[in-house]
Amino acid sequence: MTLDRPSYVWPGGKRSAACFSVDVDAEAPYLWQHRAAMPDTIGALEQRRFGPREGLWRLTDLLERHGIRGSFYVPGVVAETYPDILPELCRRGHEVGLHGWLHELVADTTQADFVRALDRALALFEAQTGQAPAGFRSPAWEMTPAMLAALRERGLRYDSSLMGYEHPYEIDGITEIPVHWSVDDAIYFKFLGGGADKWPPVAPLHVGEAWLHEWRSGSAYGSLFMVTVHPWISGRAGRIAMLDHVLETITGDAATWWATAAEIADWHARSPNAGRFLVAATVPTGAA
Amino acid sequence: MTLDRPSYVWPGGKRSAACFSVDVDAEAPYLWQHRAAMPDTIGALEQRRFGPREGLWRLTDLLERHGIRGSFYVPGVVAETYPDILPELCRRGHEVGLHGWLHELVADTTQADFVRALDRALALFEAQTGQAPAGFRSPAWEMTPAMLAALRERGLRYDSSLMGYEHPYEIDGITEIPVHWSVDDAIYFKFLGGGADKWPPVAPLHVGEAWLHEWRSGSAYGSLFMVTVHPWISGRAGRIAMLDHVLETITGDAATWWATAAEIADWHARSPNAGRFLVAATVPTGAA
Amino acid sequence: MTLDRPSYVWPGGKRSAACFSVDVDAEAPYLWQHRAAMPDTIGALEQRRFGPREGLWRLTDLLERHGIRGSFYVPGVVAETYPDILPELCRRGHEVGLHGWLHELVADTTQADFVRALDRALALFEAQTGQAPAGFRSPAWEMTPAMLAALRERGLRYDSSLMGYEHPYEIDGITEIPVHWSVDDAIYFKFLGGGADKWPPVAPLHVGEAWLHEWRSGSAYGSLFMVTVHPWISGRAGRIAMLDHVLETITGDAATWWATAAEIADWHARSPNAGRFLVAATVPTGAA
Amino acid sequence: MTLDRPSYVWPGGKRSAACFSVDVDAEAPYLWQHRAAMPDTIGALEQRRFGPREGLWRLTDLLERHGIRGSFYVPGVVAETYPDILPELCRRGHEVGLHGWLHELVADTTQADFVRALDRALALFEAQTGQAPAGFRSPAWEMTPAMLAALRERGLRYDSSLMGYEHPYEIDGITEIPVHWSVDDAIYFKFLGGGADKWPPVAPLHVGEAWLHEWRSGSAYGSLFMVTVHPWISGRAGRIAMLDHVLETITGDAATWWATAAEIADWHARSPNAGRFLVAATVPTGAA
């Protein structure tokens, strides 16, 4: 509990920050889901392959139109399957970050498997881009203390998977660039059919209005507006048009600092914020 | 991955295309669902029979008011039960296409059963209309590579079940006229009661606004606006009124080409697009 | 299939009709649900008892303000537990109709139990009101051919549980006054907590707009606008305010005929519509 | 059934009342849910810890800006883990009330465990604040007659967990300050990921409009507007902005009495309302 709550400080007198993050999942979650037995159907695969075919590049076009560099988190298997993705994103000036190998869900993954996927992806990223990535984003936004430690031990500069503040903070000694469900595209738009969906897609314009409300409201608190999209979902025309409107509005605000997650993490480390927002990833013992 | 992404070309300088497709399911999915044991209840049957009684002909009236010919996909059992449907749709100038025999769900159907249903429906269509249908639409929008091959072997000119692009493309050598959940009526409106529904019907006017947003947004990318409706669902007055507004808006745009799916498939085959958007229906081997 | 579709004719040159129906369920569905083992909790009971305490009488006040007589369907156990309800509704000029004894769900009820509940409720209605009810509404809107026959054999003049047309029709020789999920309050508003709900309550004003859209759209087709509400759900202030607006709008339209379901059934029987909309409650044999 | 329905009387000629209640759950429901086996993941914990870190104090700031004192219900384990919360809330003039020890769900709790948690929390509250709390709110809004009796025996002045009226009433001899799902934040906003959510977060501005509609509609009936929020949910910037608008609107209405639940319970006991709204917490015997 922090009764004395310091304000978060952004560079150059900015009131708040915005980051456009892209989880380039493509087939990876499907491969993970069906790792025991692959069905012979292609509906979900075709829907997901729209991402690398078309959606991803509509998103980079969109960002370039608005002069924004994004942070793209790419599962190892996607970078391996589509070897042009990482080099091309780097060439365009975007950040690329880790996102597991097979989009492994934390709750179903051992620490040993997590570390193996992490090291395999790190090696591939360095081979394909010539440099080490700065950060990691957990598939489905879940972590354990041991996984945070594994990131720290490998010199990663940040994690971007948790929701403990609305601005960067430090958890177990690693910088956390927080996310939030309210500004994630998948929970509003993802629809795969076949009986497993629990709600229909939300109208893009309604989501856009809600996201702008989040951005405006967060500005008053110095929050980070961290939007997260997926190429196979938000690369569809109706969502691109929504994002276009959102970006046009936010880039028109001089008090918002657009940056990649890596830039935000680096700012955090060297700013007056460092050391002010420290938390421990304590898991309770249970019986209380 | 297609870093070099060609634009899709539509005939006569049109910017995009629109197709009004109707899945004339009536009782077929109910017969499939209860094929092992038929309950003695009639609630769902009466709701579904509103389709052939009334909804289907409200839809043909609607299309005629707007000067549009639609593509109607009819399960074999529906054509057999209501033998006036196929001839009457042909008489009015609409396209009729295949939609399985009993609305068989792909995930629960063997290749042998798929082929048997396909051939039985083909024979019935030819008997009732005097001509072979041009295309196939999968119930619930799912396919396998083997099912695509079965279509190709029977000389069908297109499939309309997948979502790999927003415009026609070729998959394993057959033309795909793509669909998308965001412009399907069932996921927004279908409600059967009895405890199985997972969300309530969405307000028709909100769906209409969202669909117009999809159309407008897709126009900028040269996309195909492929709307899909069901007579027992969208034949209800509130949805007809919504569709009326949608069609009135889109037919007012000179840059949108209204066509049947068969016409679009034929255009694709003879246009500069042919050969530019080729994909393989590859199912991963699993372990990665 | 009715290629030649006659228009429905309403009395006095009216274009369409409206009926305000109230399912006075109170605790009945809860008693049915827990008939094997009653929990000792009172949350759902208190929420449901708001109906007979307060909600029901807010609804009768509302109807009286708008000069409308409604059709109230009351499970036998509710009439027995609250013996003032049936006489008071009759005194105010409303119709009272049957709704099972314990709100028995059709799918879980034998024909013998259905008939026993029906006869027990019929006897109670006659004892409490001095007259036989004209109609029956099935809990959860489901029927079987045998249940329809049981209504007919007891001289009931109509059933109001099915969705096969948007206006009255005849099914297996009994008049059907149709309902529809899109204008039922429970699917939008019912929320009981405890983890079983599948969606949150919809904003009342949005539901009201959607209902007016249904009414307006249906008017163009001569449809019956049959709204269905529950006192424990729509007796809450926010829903009453919505209903107030809906009724104010519709009563302002001179071309809509407000009537009880019994009056509508009687009109159907003696009007030119009689015999024009006949269907059979055929249950398919399954294998097709 | 109350055919003769008295109006509820509020002090000083006010037409209705409003209460801002806060369920300070933090990790408590998570500890309860995983009491048998605690996972090693931290996603939900971090999301929940945003409450005591930040959300709770944004809410107290919000209330102070609007000159409102709220009623804060705090599980014992939360008060123990964050020992500044109760004293600080008291210092700021808010009411603090009981909310179980570990946010025990009634359906999964024996009477003995309920009483043990109640007494443990009572002792902690008295130790931390120097006074006995006035009221109790059940986690998840459920009660049994025996639990109501336990509150009464311990001299608690009210319960706030049920929905039997829209204004205070008496149930089994204890004053009930009623709640309602329609004005609870969790059902609209709570989203935890991991596959268990059944609907996506609703846009805050839509929820705010719906809540103002509830308040306006209830005013016409003399209802209590009892809003309930959670710091980890509604402490997020977008929800705070919504609440700000709601409070600004309602505090601008001179006919609405803002009070804590304890003040409302005390008013009820000494007002003309006392004895007018008496109900028994009767659980039916089942077979009817």
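Chains here go by letter, A, B, C and D, matching the order in which they are written, and residues are numbered from 1 within each.
Everything below uses one rule, namely that a contact is a pair of C-beta atoms (placed from the backbone, for glycine too) under 8 Å apart; a residue touches a chain by one contact, two chains touch by 3 or more.
Keep in mind it's a predicted model, so treat the numbers as computed, not measured.
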Q. Which chains make contact with chain B and with chain C at once?
A. none
Q) Is the contact between chain C and chain D built from the same residue numbers on each copy (over half shared) or from different ones (under half shared)? A) different
Q: Sort the other chains by how far their Cα centres are from that of chain C and give me the top one.
A: A
(Q) Nearest whole angstrom, what separates the Cα centre of chain A from the Cα centre of chain C? (A) 49
Q: Find the geometric centre of each of chain A and chain D from their Cα atoms only, then give the gap between the two centres in Å, rounded to an integer.
A: 35
Q.
Where in chain D do residues touch at least two different other chains?
A. 198-199
Q: Can you identify all of the chain pairs that touch?
A: A-B, A-D, B-C, C-D
Q. If you look only at chain A, which of its residues touch chain D in the complex?
A. 1-3, 5, 106-107, 140-146, 161-166, 171, 180-182, 187-188, 198-199, 202, 206, 209-210, 213-214, 216-218, 220-221, 223, 279, 281-288
Q: Using the touch rule from the top, collect the residues of chain B that touch chain C in their complex.
A: 27, 31, 34-43, 45-47, 49-50, 52-54, 56-58, 77, 82, 84-85, 88, 101-102, 191, 193-194, 197-201, 203-205, 236-238, 240-241
